[in-house]
Amino acid sequence: MDEMLTGEAYPLVSRASRPEGSRIELAEGITVGGREIVLIAGPCAVEGEAQLLATARHVAAAGAHLLRGGAFKPRSSPYAFQGLGGEGLALLERARAETGLPIVSEVLDETSVEQVAEVADVIQIGSRNMGNGALLRRVARTGKPVLLKRGMAATVEELLLAAEYVLVEGNSNVLLCERGIRGFDGATRNVFDLAAIPLLKELSHLPVVADPSHGTGRRDLVPAMARAAVAAGADALLIEVHPDPEAALSDGAQSLTFDAFTALVGELHAVAEAVGRALAPAGRAVP
Amino acid sequence: MDEMLTGEAYPLVSRASRPEGSRIELAEGITVGGREIVLIAGPCAVEGEAQLLATARHVAAAGAHLLRGGAFKPRSSPYAFQGLGGEGLALLERARAETGLPIVSEVLDETSVEQVAEVADVIQIGSRNMGNGALLRRVARTGKPVLLKRGMAATVEELLLAAEYVLVEGNSNVLLCERGIRGFDGATRNVFDLAAIPLLKELSHLPVVADPSHGTGRRDLVPAMARAAVAAGADALLIEVHPDPEAALSDGAQSLTFDAFTALVGELHAVAEAVGRALAPAGRAVP
Amino acid sequence: MDEMLTGEAYPLVSRASRPEGSRIELAEGITVGGREIVLIAGPCAVEGEAQLLATARHVAAAGAHLLRGGAFKPRSSPYAFQGLGGEGLALLERARAETGLPIVSEVLDETSVEQVAEVADVIQIGSRNMGNGALLRRVARTGKPVLLKRGMAATVEELLLAAEYVLVEGNSNVLLCERGIRGFDGATRNVFDLAAIPLLKELSHLPVVADPSHGTGRRDLVPAMARAAVAAGADALLIEVHPDPEAALSDGAQSLTFDAFTALVGELHAVAEAVGRALAPAGRAVP
Amino acid sequence: MDEMLTGEAYPLVSRASRPEGSRIELAEGITVGGREIVLIAGPCAVEGEAQLLATARHVAAAGAHLLRGGAFKPRSSPYAFQGLGGEGLALLERARAETGLPIVSEVLDETSVEQVAEVADVIQIGSRNMGNGALLRRVARTGKPVLLKRGMAATVEELLLAAEYVLVEGNSNVLLCERGIRGFDGATRNVFDLAAIPLLKELSHLPVVADPSHGTGRRDLVPAMARAAVAAGADALLIEVHPDPEAALSDGAQSLTFDAFTALVGELHAVAEAVGRALAPAGRAVP
């Protein structure tokens, strides 16, 4: 099914087509791809009103610029918690209304694209769906910014080709996300391939997001990898935060506590400055 | 997104739920999962009438029991040949009418499930979609047998959980397919994980299909790996055959010529017998 | 440290240099690389007289042609059992005297090459040392046949280049051994890359050995993978056998019981015949 | 050959045995493991006097604290440049005499340990030899600091166990080095597993070195990954520098030019400061 790829395999996504790089407006006042680094934080899954609102308030106060939260959750097992669905989306809307944080949420299948697009400011396509051309095209047509996660066994080139599926539909608002690839060492959930960050920046004009939560699967390693991602040139970070990680319905092991997130933001300010950048100012989004 | 899995993670798929193993009728007179081994052969993609019919006639004469052929092709690039779609399905119908071979064809997205199900006797879910729960459920509800391919970075347990998505919808006609996983050695397209065959047989009652064409990506290695798969206990083989592999629109490098396929069938007879089995009799399917 | 490799990267090892293939005499009356398939069996480590002699007698009676047993064991931990050393070699000598089975044993470092070479009929270089050029050269100079195992992350080409280190010293009695590579699925110890068998046969004139014990790490999968290896074209098999696997000091999980080994030899006869070969006659080696 | 590992698998290397962390004196005035970050730079291989001295002078002036350079080179092919051997060591001595930079050089086999130890201030054990217990023990007994590189397919735990081989001999001056692991994406030479840095720091008291040159295999990615490694908590960096990378006898593609190295040191100052550390002062080593 593969084909020999030439340098011209992804003409729209290629850096050559836009040497100065793309700046993408994710919501009013929040642009990614320029000097300022954007923080996307929140729970893996929306579990309920109290959990979501507490997290949204906390990450907003700590300096996050967007709220992440899954209403539809891809799970290996049909018996695992699959997300709150429409109810989850409604809670995300409420969280946005209260905190002003725009929403990033994942869409799992074609039939719920419209439903997610009504609420989400940025639509996430998860690792499992990176190679799902039909979904990529459908999401592209919503016109919304797309956060596209690298597949667990996808090469950098395959990620760029997946992005090309979106751009070819006329939507060039794509964020490429490195989130770890499968490896042989069970000590971490995935191998966080940080070198993909500067490589993607070199090959493409699209902004690059780093997800150290999935990249490592371990809360204790997230801060170091978040700092490393900024030092490596990431334009945005995607960080899982939960009020009580041990009780989380999914991904508890990799979610930061509120305090840990606050501490991390402080560290990121310093690293961003060291590489000639800055965290985007917080509080720009008005409820 | 993962969860700790216990031995009871996939109750419907588990060997414990059906110790004697499942026999699945793929079409009238063609059952997989018993003593007889089933051969599924044909081109990667349906490219046109002449290509498809010539291949169908040849593999039928050589002893294949089902015809494979993709009308919808998942491709890494949006610019690569995506298959003939509905026209391809019509050609598959014609090939069946002429040769009597039942059809295995892949479905890529939820919106075309009905369209594929109208023609295909067995619906294939490809590697890229193994973790696509929405598609798994939708395909399950057609009631048709499902050939489920292991994802490129999926563990054996994740493949079993994906199958559980189908069984939980009331469709227990699932064939598990090993087709190679991603590895570090570019000498082969994938690492063909043959040990997954006896492992799947041990953990589950479902029949196991081996795909040495994708498993190796190299025509020169397909016969040895097809023989090995039978020796390892595979219940069926999925083999790509093309009248002119060098001119194929996809997967030419791994497609067998007609002569090579004929020679292979002869070898497989002997290996099947050596392990106490037999190839299913050819010519059972009547046009 | 790598270099671009051309087709002429391993001139001595290359099939082109000896299109008819190499036959290597491992001991009087036992040749590998021809039509007959050779069985090498025995415990992972020599643990003591009773264990070794019982195993040697059993595998000899069951049809093995050589006895394997480690006197020096490479271990990840300095606190794990490192083998009986010289005492282990003496026991191997005794086992040979009693059963007539020639000995395959591993050498771990340059300083013990002579010591191992005095006893072993075939010197094994383990996975960890495949890239150890100094050891390869030193072992080559003993003139003994070398069983060279593929490194856990070595490509097929790197294995061939490692063999070239031996041949360049004037010793062309090398057996290439596929024993599994590192993978992401903890269900098996390694990924047994069976496609490497026909690939090595195509690229090189050297005989190929398959080690399904390390390849899978699971006793329950060894018979199926041993059969598959023969079907794929292996010239020899390396099988771990132990009188009481649960009590083994190393590799118990992957060692066959005596009964399982006997049963396996019967199965291998049939598969060898199915692919136009035969197991070498047993009992040729005279004590 | 593996064994079930408990938390007490590496008692000497474990962080629990020295919670405050180890500071190791690499040469007079140069200590690693404290607040200050150490830079080790130089060519992959010593190729000749002009190449080595020019590089040594440049990296010394730019702020490096030790000079790296291989006199004995491990190569996949027996026909590739294997290093200048004793002559290379003599040149390293001269470079030290002239610039004051202490020397890091690799030892490949037991028989040359003494020879390398006479010249090198720090002895490197390369990836290929991480699991070579005999070499680890022999090098340990020199009493010299050991820079121990992670094997290409080694888990973090296996690296710690390899270090335990050195400590158990009474030498606790070990630096653990992350240098990339094998992966499926040919776009980079290895997958640089940066999460191993904080993980190793957490599990062990030993200092951690990052090698972004081998970690990526691409000069264009080295600066970003060097910055990332410092942000992730590395105690030292190992960077390949060559006066004319395109003409290098090995590893040219991943070697920095002089100018690129100078620029990188400037960037690292800023990142080190951002994470509460500093580059060790240059010029401490007096010729």
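Points to keep in mind about this one:
Every chain is named by a letter (A, B, C and D) in the order it is written, and numbering of its residues begins at 1.
In this text, contacts are C-beta pairs under 8 Å (C-beta built on N, C-alpha and C of every residue); 3 or more make two chains touch, one makes a residue touch a chain.
From a predicted model like this one, the values you see are computed outputs, not experimental measurements.
Touching chain A and chain C together: B, D. Between chain B and chain C, two chains of identical sequence, the interface residue sets overlap for the most part, with shared numbers making up over half of the total.
Distances between chain centres, each the mean of the C-alpha atoms, put D farthest from chain B. Put simply, chain B has to spin 180° for its C-alpha atoms to lie on chain D, with the angle rounded to a multiple of 5. Centre-to-centre separation between chain B and chain D, using Cα means, comes to 48 Å.
Rounded to a whole number, the gap between the C-alpha centres of chain A and chain D is 34 angstrom. Of all residues in chain A, those that touch two or more other chains are 153, 157, 181-184, 186.
Contact residues of chain A toward chain B in the complex are 1-3, 5, 9-10, 44, 73-80, 82, 108-111, 128-129, 131-135, 151-153, 157-158, 161-162, 164-165, 168, 181-182, 189, 214, 250-251.
Listing the residues of chain C that touch chain A in their complex gives 182-184, 186. By the touch rule above, chain D contacts chain A in their complex via residues 153, 155-157, 181, 183-188, 191-195, 197-199, 202, 215-216, 218, 220-221, 224-225, 227-233, 267, 270-271, 273-275.
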